[in-house]
């Protein structure tokens, strides 16, 4: 197995773990945690491709990762702000209890 | 494939798994921190020093703290009594597994097609990154700055709204 | 920027003042806008703004006048125009612009000077009235619009300002809109002038259709310049007129409306319902002058096609109308008792003189009388205002009397104005300007009747003015409360205007025809031989005789005694029937009442009947049909359509219910489906790309 | 000779490593350096505790510890023995694992910060290209251990103290970073060795330290304020305000774990002082060119101890702030001024070498400070304290 494949597999696994967390946990914050893991897995992919890609000096993957980290910070802030607002509103963070949009 | 890689990968995945599986929310957040740290180490292992340090600074220094604050503010620090998984969690697991299977399959089959060359360690300094940020990527940089400002204001407004209305 | 010369002179470069000419009307208009926007009535600010802006306009006008004068003294005919395209539709473009030439320069100075004096006078006159601010707002707008008319180099711009003048005259005449008479007078003025304006607009449209431009002067391409005029002459219209003549007559109809010429004069006497400064401004200096000025401005069009020294159909019409108006109005003025109404009819009469002067003698003759008349008539109006002010609102001359001692300054200035109007020889401006008109009539080739009419008018003028002065200032006081002199802010303009009324005549004597020379861009020398033209001295003698005759008749009939208000007039005792006709204004209003207005009333009733019976019946019938149809539809709907529709709705609702189960409201479900879809799609993508 | 003395530790390490086979030498060198750091700074910590206690005592007109050893110099030894032998109490309801990990993580994280600090000429453990970023990244992770300690204790005082500490550290980390960024902008590098090298010049025998520039002085002031708050030192020691919260997030710690927290706190102080020294005070460079013969490490540690003395002095002098004052101060005073400082530094960078940049930058900063002070004075932010009573 090449190093790239190793990193990609780790990233795939991390992504799937995050997805599983986001899909199975009740707590909204934990769903967000899962999403963060997925984002991280994507970042890992970007860095790995940058490192083993044909043109590391172009810095494309690296830049993608750095911007993605910056965006993730904003995403986390807004997401958690939403969760806090949700909690104030519904007095729970249990996603199973939040189904008022049911058709 | 060095030993260090396997160790770090194991640490990262263990952290990720724990973050998803643990019952106590705060433990989950702390495990998430471990996963973040492992990720940063993976970045270092990939010779992406700047990205690794930025990962620590942003994720451990900010996101993890934020998560922890959110947990405390939503009174989620106690271990819940009932199940921590949602009703149809099995389906979710299956889907996640399917996604992983697809991804893994794709990785294994596509990487095999990539010609193996000894990848030289790229000599990228912080200076290069700075130059790239200020020249080729200056527009995305400005947009990210705008986004962060908007997110800052947005987060404050979302979190403040209820209190304002209560007045 | 373009300019052109009309005579021997070299071309002049467009000067800075010509570029700034637009400021002259703009300043009062801006002042008016600012006053309108003031949050509350601020007397001082509004008066200061109006007077200040008009002072600046006067200053600029004087500079412009000086510029033209300097050009003239160097032997150049100054005509500087600034034109720009206002609207562009494809290849057709509508241009606007302004022009600085002797005509507009003279007019600018006159309008802004008289306007300024009237403004100053108004501060005193309007002191005790409400809506002081509104008054100055309208006055400023009026002055600005009038100045716009003066500088316009485009018939369209002139028409726009013309209409603003019309609007503000409506507003100002109806200033005391609580008085029904004022409101009615305002409406009357507005509607009557509209009648003329319709013809005017038709003339404009026709002119535009023929020449493709509304600019007067545009470096040879303007509508008043040779190229366009020859095109207009070649175009025949109905009744043996050329297009130029027909358009000129249409434009004259507009001018007749504004200048109160027969038969559109009826609004002018009624317009005395407005405040006296308004009367002075509108009926002496500016608005009525606008019509005369318009004719003077488009004079090349009116004159087009005339042989040397000859006349054209349009000018003939102008002459006849003017002469008829002069006598007609003077006759009515004899039998009026309202101080301002007498002046109003006098104005109409004098406008008739101007028109006749334009028709027979050319621009300089008419314009000279316009300028001198502007000064002495505004003097008379302001004097009348001062009298009314002093008599606490009384306007009936029979209830005044002996004011000579109570209001000496007013009396002195009023006497100057009156003598100027009568044409008292040598020292009063009216004499010279009226004499110019009479001289032109003497030399007119078409007919002699206008001359006789005008001479008769001069006799009447001297008579009715003497009658008025005798009633007001001589004899003994017949009113209730004693009168007192007006404040200095009112009398000062009177004195200034009196000075002009006397002195202005000397710029247009036959010996030194400076004014006509200036307007027509010829050199002028002082030459006493000017008096020696054939018939001139005789004419002057006759006219002097006529004036003395009128004055003497008036003094004889009214000077010695002091008639009582309830007693009938001396002339009424002599010829009650004729007096009754004259007192009732020769029944023109009544004529309009039984003809035009009655016709409209009848037509209105016909339309009403048509509306109610024919159209109303038709609409009711249609409505009935539709109601029947609707009833039928309702039955159909209830019994047949609704059943099917309800069934369909139920089906839809149940289907929707089934579909809505998909919508669980749980975020995670959506995420699951999303992930599944992504996995499947990616798998398909990879698998297909492998294959 | 002076050369030798300057490089004595480097030479010593090379000599010691020389006994080992070649392949092991780099790793052994690192290990040796790490061991040195791990030994040196706790020793310095011991010395500082007695120094602080004596110093505070002087300020408060007391004598301080004077029983153990000559003038109480051996007091830290006695303290150490006491804390090691004391019973280690863990609350029954505490989250045992987290409770155990928290102090360890704190100390480890703080120690890692020393890795990039140049303590003398050629004396840096790892010369990382992004050294400053590394330092702040590591510094950020101490917040988490503070939270862990406070949360795992299951004690309201601990939790409140931890929340206060984390909030305060996050708030002041921003100005701390911002004031350092000005230095990075001027130097053009994140490497701490390069930053020191950039300051190691002399004009007329005077050093080119950044503190001697308008933006540097302002930046250093802001850095010092933020550093004091970041290390939870007085007057920003609300997280462990004894009068309100017993001892803040380490209320439920005793024995050796408590000593670790204590150690971690002082180590954080050392490292942040070291960073300040490196960024603004010229690192290991001598204050005058004529003093260049004195070994560089002596200068570094002298400056470090001077900063420590200022910390102690401040603690003995200033009263504690209220929580809202603390936050307002961070976001409404320190942060705007550091942001302004960034602009000023940029102006400095682009105004060329002439005297204009001195005038412009000084004027802008002076105006900003005077304006802030004046408006604050007018709105009554400063001035006599108004007492409010609970109802």
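So that you can tell them apart, the chains are marked A, B, C and D in the order they are listed, and the count of residues begins at 1 in each.
By our rule, a contact is a pair of C-beta atoms (placed from the backbone, for glycine too) under 8 Å apart; a residue touches a chain by one contact, two chains touch by 3 or more.
Everything numeric here is computed off the predicted structure, so don't read it as measured data.
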Chain of greatest Cα-centre distance to subunit C: D
Geometric centre distance via CA averages, subunit D-subunit C, whole Å: 88
Subunit A and subunit D, separation of their C-alpha mean positions in angstrom: 34
Centroid distance [mean C-alpha coordinates] between subunit C and subunit B, Å: 82
Where subunit A and subunit B are represented by their mean Cα positions, the distance between them in whole Å: 5
Numbers and ranges of subunit D residues touching at least 2 other chains: none
In subunit B, residues with contacts to at least two other chains: 50, 54, 62, 69, 86, 91-92, 95-96, 99, 103
Interface hub residues of subunit A, defined as touching at least two other chains: 19, 23-24, 95-96
Interchain contacts, given as pairs of chains that touch: A-B, A-C, B-C, B-D
Residue numbers on subunit D that touch subunit B, as the complex places them: 95, 98, 128-130, 133-134, 136-141, 143-144, 147-148, 151, 159, 163, 166, 170, 173, 188-191
Of all residues in subunit B, those that touch subunit D in their complex: 24, 26-27, 30, 33, 37, 49-50, 53-54, 56-57, 60-62, 64-65, 68-69, 72, 77, 125-127
Subunit A to subunit B touching residues, read off their complex: 1-10, 12-21, 23-27, 29-30, 32-34, 36-37, 40, 43-44, 47-48, 50-52, 56-57, 59, 62-63, 65-67, 69-78, 80-85, 87-89, 93, 95-96
List of subunit C residues in touch with subunit B within their complex: 666, 668-669, 672, 675-676, 678-679, 682-683, 686, 690
List of subunit C residues in touch with subunit A within their complex: 659-668, 671-672, 675
